[in-house]
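Before anything else, here is the set of structures, which you'll find just below.
In the two complexes that follow, chain A is the common piece, with chain B as its partner first and chain C second.
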Partner chain A sequence: MDKLNEFIEVAGEPGAYARRIRASGRSVIGYYCSYAPEEIIHAAGLHPVRLFGTGGDSGIADRHLQAYCCSLVRGALAESLTGGLDYLDGTVFPHTCDSIQRLSDIWRLNTGHGFFADVVLPVKLTGESARQYLIDVLQRFKRDLESYFGLTVTEESLRSSIRIYNTIRSCLNEIYELKSRNPGLLTGRELFSIVRASMVMDREGLRDKLQALLRELREGVPGRDGRGRRLMLVGNACNHPDVYDLIERSGGQVVWDDLCTGTRWFSGAIREEGDPVASIAERLFERQVCPSKHKSPTARGEHLVAQAREHGAEGVIFLYLKFCDPHSFDYPYLKGYLKDAGIPSMLLEIEDTLPPEGQILTRIETFTQMLGPETGAALTGASRTGREG
Partner chain B sequence: MKTAGIDIGSITAKAAILEDGVILGTRIGFTGYNAGLAGRKIFEDLTGELGMEASSLDRIVSTGYGRKSVEFAHKSMTEIICHGAGAHFLDPKVRTVVDVGGQDSKALILDASGKVTDFVMNDKCAAGTGRFLEVMARALEVNLDEFGEISLQSENPAKISSICTVFAESEVISLISRGEQRDNIIAGIHDSVASRVYAMAQRLAVNAPIMMTGGVARNIGVVRALEKRFGSPVEVNEYAQANGAIGAAVLACSLP
Partner chain C sequence: MPQTDAEKKRKFRSAKRMREIMTEYYIEAKTADQTGKKVAWITSGGPVEPLIAMDVIPVYPENYGAMIGASHMGGDLCAKAEALGYSTDLCSYARADIACALEDGGPIGGLPKPDMLVCCNNICGTVMKWYEIQARLFDVPLFIFDTPFCHVDFAEEARRYVRTQIDEYIGFLEGVCKKKFDFDRSMEVGRLSLKGQRLWQDVLDAAAHRPSPMTAFDAFFFLALIVTLRGTDKVVDFYTELLEEMKERVNQGISAVENERYRLLWDNLPVWYRLKWLSDTFAAHEACLVADTYTTAWCGSMKYIDENNFIDSMAEAYTRIYLNIGVDEMAKTIFAMIDKYEVDGLVMHSNRSCKPYSFGQYDIMRMVQEKKGIPCMMLESHMVDERSFSESQAATRIDAFMEVIRQRGPRAGTAL
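Take a look at the complex of A and B:
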C-alpha cells in the first residue's frame, strides 16, 4: 500500500526526518515519555519529536550511568553524547521513573540541547489537589517555553493543536481497531511503523495522511493471512519492529497493546471546550496510567483484563526492557490479574538489541503452541518397553 | 501408528520412536555444527538399529533449537511443549518439569492432561546449565559422568557465589589452590546450578510431583541439590535425556 511508505520510511529514520524539519526553520523539542504535553509544544509553533535511544552501542553512557539503568536511558544519553541529537532545540522530561529523572539531571548538565524542562507531574493521579497541581505544572511549562523561545502561546493556537491531536489520536485508535477486527489488514511491523512515525512527523501533515490511510484501510485491503493466536503486548517502550515479525512467524498476531509507544501514547481525547491547558491536563489525568503513576490499587489490572477481553486476546506478552523497575514491580500483580481472568501470559525481557533469535522464537512459539489445540490432552504411556539407544 | 520425535539440542541430538504408546527405542548423539545433518543421522541410526524403514513412520515431529533444520519432519514444536508431553507420557502425575539442557534451563507447569500452562526459560547466561558443569569438570580434571557420585561423598559443600560461569570457574580454581576437597567443590558446583534453576522455577506456581529432564538430570548430585531446594522429591526417568524427543513422538501421534 503506497500510503504506508512514508510511515515506514520515517519510522526507520526518525532523526533524518527531524533534521529536515529543523532545516525548514522550526525548532525541534524531544521527549521520551508518553506523558509529555506535546499539544503545548505544538501550539508554540515548535515541533515535538519522540526520542527512542540509539539501538546500538551505548558504551559512552557508562561514564554517567550505573549498570541498573535500562537500555532506553543508556541509549538516549549515548545518542546525545555522540552527536546523534544535534537537531534538538530542547528536551522535555516528564517526571516518571527514577532512571528517567536522574537522566534528566545528567542531561541538563552534560548535553546542551538548548531548552530544558522537567515537567514534574503528580505521581498519584487522584483527588482534586493533584488535578489542580497538574494544571499548574502544565501552565508553568507553557510559561517556560514562552520565555525561552520569546513567544506567546495563544488560547486559539492551543485549541487548534488540541483539535489536530484529537484527530490524530482517534485515527490511530481506529487503525488499531481495524487491525484488531481484521489482523491481516496490516502486519505488526506496519502498525508499529505508523505509530512510531506519528510521534515524529509534522502533525498537520500527519493528520491528513492518517485520514487518507484510514479511508483506504476502511475499505479493507484484502489478501494477507491474518491467522494466528490473538495476542496483546504490554510493557514500556517497544523499539523493535522485529518483535512483531517474530510473533507472526511463531503463529501469533498482535491485536492490541498497552505500550508507552502504543495505546498509552494515543488513547483518550481532549475536551475541546473550556480552558485548553486544563483540558490537556484532564486527558493526562484520566488516561490509562503507566506503572510510574498511581490511580488506584486495581486500575492497571482491571484495565488490562478489560482490554484483553474487548479485543479477544487469547494471551498476553509482557514485553519489558530489562531493569525497568516500575514495570517489573507491577508484573506479578498484573500476571495474577490475567491468571484470575483465565488469560495466559508470558514475560519477554529485552534490551535495545534483541536476544538471539532462536531463544526468542522458542519462547514465543511455546506460548502460541501452549494456546493451541494440539498441545491439549496428550497421550500417556500405557505399557512401556523398549530400550535406550 | 508409528511416530518419531527428533530433538536437536545445542549439544546433543536425540531421537525416539513410538508405536501405539510404546517406546520402541531412543538414541542420543552429538549435534555438531550441522543441525540438519545431525537430525538426519540420529534418525537413520535409530531406524537402522531398530531394523525399520524410514518410510514406515506415519508422523515425525522435530523439536529443540535445530527443529527447523529437520526438513523431513511433518511439524516442529518447541522443546518446552515436547518436554511437557514427554514428562506426561512417562508419568501422568507430574505437574512440574525442570529441564536442564546444554545451554539453557526451563521450568514448566503441566495440568492434569499434560498441557503446558506456564513456563519460564533462563535468559541471563549459561549459569545453571550443562555447559556450566562442563566448564567446571574441565577445571577440576574430572570426567563429568563421575560428578554426581563424587559430590554425594561431600560432607561440607563449598560455596560458589559467582553467577557468571567464567567467574565461577576462577572461584573453583581458587578453591582448588586452597586445597579444598574435590567432592566439596563439586557439591558446591551442584548447589550453584540448583540454586539458579530453583530461583528461576520460583517464578512459576511449582507443584509436586516434580520431574527433571534433559542431560543434566543424569547428574545425581544436581538432582539431590534440587530436591533440597524444592523440599520435595525430584523424579528422574531413565529416559530423562531423550524426554524431549519422546514428547515430540507423542505429539506426532495427534497430528492430522
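Take a look at the complex of A and C:
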C-alpha cells in the first residue's frame, strides 16, 4: 500500500523528519512520555515530537547514570549529549517514574535545548484535589510556553488542536480495531510504524493521511491472510519493530497492545465543549493508566484482562525494558490476573538491543506452541462480548 | 577477642535503652489486635502525626526492611520475591517486605497486619507500587499522600494540592477509625514531632566536634526512633538522653574512631548487612564517617514547620524533603554538610535499590569536586540484598580512596 510508505519512512528516521519541520521554520518540542500535554504545544503553533531514547548505550551516559538505569533513559541522555537532538527548541518532562524524574534534573543541568519544563503531574489520578491540581499544572505549562516563546495560546487554537487530536486518536483506534478483526490487514511492523510516525509527523497532515489510509483499510486488502495465534503486547515503550517480525515468524501475531508507544498514547477522547485545558486534563485523568500513576490497586489488571478478552487474545507477551521499576512491580499481579482469566503470558526483558534472534524465536515459538489447540476463534461477535465472561 | 577498655568506653550506653524501646514498640504493634488499636503501615517519610493523634499504631515496612538487612535475611527474602516474579532490579526493601508479608517470615515473625495503608511518595515511586501490592494482598484501605516533586521549587498549585490532601487524609482516618479527629491533640503531637526532630538534629550535630563522638553508623542505628516514634514523647525523652551522652563523650574526649584523622561524609542509605565491616574498614584507615545525608533527611525540612500551625505547615515540610528535590538542590545540602562537619572526602553509596537517591550522584560528585575540591568515591550495593556484594572489591576501592585522602593529608584543624 502506497499510503503506508511515508509512515514507514518517518518511523525509521524520526529525527530526519523533525529536522525538516524545523527547517520549515517551526519550533520543535520533544517529550518522552505519553502524558505530555501535546495539544497545548500544538495549539501554541509549536511542533510536538515524541523522543524514543534510541541514542544507544554509548559510554557517554556513564558520566551521569549508573548501569542499572533503563536503556530508554540512558539512550535519551546519550542522544542529547552526542548532538543527536540538535533539532530541538525545547523539551518537556511530564513527571512519571523515578528514573525520568532524575533524567529531567540531569537534562536541565547538562543539556541545552532551549525551552525546558517539568510538568509535575499528580501521581494519583483519583479524587477531586488531584483532578484540580492536574488542571492547574497544565495551565502553568501553558503560561510557561507563552512566556518563553512570547505568544498567546488562544482558546480557539486549543479547540482546534483538540479536534485534530481527537480525529488522530480515533483513526488510530479504528486502525487497531480493523487489524484486530482482520490481522492480515497490516503486519505488526506496519502498525508499529503508523503509530510511531504519528507521534512525529505534522499533526494536520497526519490527520488527513490517517483518514485516507483508514478509508483504504476499511475496504480490506484482498489476498492478505493473517495467520498465527492472537497475542497482545504489554509494556513500556517499544523501539523494536523486529519484535513484531519475530512474533510473526514464531506463529503469533499482535492483535492489540498496552504500550506507551501504542494504545496508552492514543486511548481516550477529549471533550470538545467546556474549558479546553480542563478537558485535556480530564482525558489524561481518565485515560488508560500507566503503571507509574495510581488509579486503584487493581485498575491495570482489570483493564488488561478486559482488553485481552475483547480482542480475543490467546496469550500476552510482556515486553519490558530491563531496570524499569513501575512495570516490573506490576508484572506478577498482571500475570496472575491473566492466569485467572485463563490467558497465558510470557515475559521478554530487553535492554537497548534485542537478545540474539534465535533465542527470542525459540522462546516465542515455545510459548505459542504451548497455547493449546487453536480454537479457530477469529474475532466473532460472540467473543467480542466476552468482556463480562 | 576481649574488648579493651577503650572499646568498652566507646560503646553507647543508650544503645540498650533504644533496643528496649524498639522491642516495646514492636510488642505493642504486634498485640494491637488484643488491645483494640488499629495498625497503619506507613512510608518512612510519611505524615505520621495525624495517625498518632488518632491513636493508630504506625508501622514502617522500611524500618523493618532495615532490620531484615541488618540480620542478613535480605538475600533469602529477596530470592523468594524473585520466585514470585519480582525482578532482582527492584528496591530490596520492597522485595524483602513483599516476601515477608506473604509468609510471615522475617525478623520478629513478620509485621502485624495493617488495618490501613498510608503511602507518601515524597521518597520515591517505588512505595506507590509497593503499597498497591499490599493493598491487594491485605484488602485494606489505601491512602496515597501525593507530594509533587520539587525539581526547582514548590509551586503554588502543588502547595494547594498537598494542603487539600491533608484534609482528605484526616477524612480518610476518620472513616477508617470511625471517630472524629482531635485537632488539639494533633497540635500537641506536632509539637512533639518538631521537638524530636530538633533533638535528632542536635544529636547529629555533635559529630561536628573533633574528634567526633559518633559515626554515621551510630546514626543509622539511632535513627529508628525518629522514623518509627516521631510525634511521641518517647522520642523526645530518648534523644534528650542520647544528646546528654554525646556531650559527656565530647567532654571526656571519647572518639568514635580511635585516632580519628580523616573525616568523611556518607551519601545514600546504609549497606545494612555490612555496617560493621564498613565501619571497621574505614576505622582501620583512621577515618570516621561523621555524617550522612540519609539520617539527616528526617530533620532536613524542619525549617518549613510552623509550631503553632503544624497541620498547615506539614504540607510544605513533607513535600520538600531531601529525596523530593532536584539534584542541584541535593548538592547544596551536601555542600553545607561538607562545611559543617569539615569532611575530607565523600563516600557515595550507589544503591541499586534506590534509583531516586542514586541517579544524579555522578553529577553531584562532579559539583562537589569542583566546588569543594574534596575526593569522592562510589561504592555499589543493593542495600538489603547481600547476594551481590563483594567485600574484596569494596575493600580495594576504599583502600585506593583512602590513599588519595592520605596523600592530601587531613584538613587543617585536625588535632594530632
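Methods note: the second predicted complex is superposed on the first by the 370 of 389 C-alpha atoms of A that agree within 3 Å, B and C clash if a C-alpha of one lies under 4 Å from a C-alpha of the other, contacts with A are read in each partner's own complex, and residues count from 1 in each chain.
In this section, a contact is a pair of C-beta atoms (placed from the backbone, for glycine too) under 8 Å apart; a residue touches a chain by one contact, two chains touch by 3 or more.
Predicted, not measured: the structure shown is a model, and the values here were computed from it.
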| item | value |
| --- | --- |
| Partner chain(s) touched by A:R227 [first = chain B, second = chain C, both, neither] | neither |
| Partner chain in contact with A:M346 - chain B first, chain C second, else both or neither | first |
| Touched partner set for A:Q359, first chain B, second chain C, both or neither | first |
| Contact breadth on chain A, by residue count: chain C or chain B | C |
| Partner chain in contact with A:M370 - chain B first, chain C second, else both or neither | first |
| Touching partner for A:D98 - first (chain B), second (chain C), both, neither | second |
| Touching partner for A:I106 - first (chain B), second (chain C), both, neither | second |
| Contacts of A:R20 with chain B and chain C, given as first, second, both or neither | neither |
| Interface residues of chain A shared between complexes with chain B and chain C | 349 |
| Residues of chain B touching chain A in the complex | 15, 21-28, 45-46, 49, 65, 77-81, 84-85, 88-90, 92, 104, 113-121, 123, 238-239, 242, 250-251, 253-255 |
| Chain C - residues contacting chain A, complex | 84-87, 89-91, 94, 121, 124-126, 128-130, 132-133, 135-136, 142, 144, 146, 148-149, 151-152, 155, 157-158, 160-161, 164-165, 168, 326-328, 350, 352, 355-356, 358-363, 380 |
| Chain A - residues contacting chain C, complex | 63-66, 68-69, 95, 97-99, 101-106, 108-110, 118, 120, 122-124, 127, 129-130, 132-133, 136-137, 140, 291-292, 294, 297-298, 322-323, 325-326, 328-333, 335, 349 |
| In the complex with chain B, residue positions of chain A that touch it | 344, 346-347, 349, 355, 358-359, 362-363, 365-366, 369-370, 374-389 |
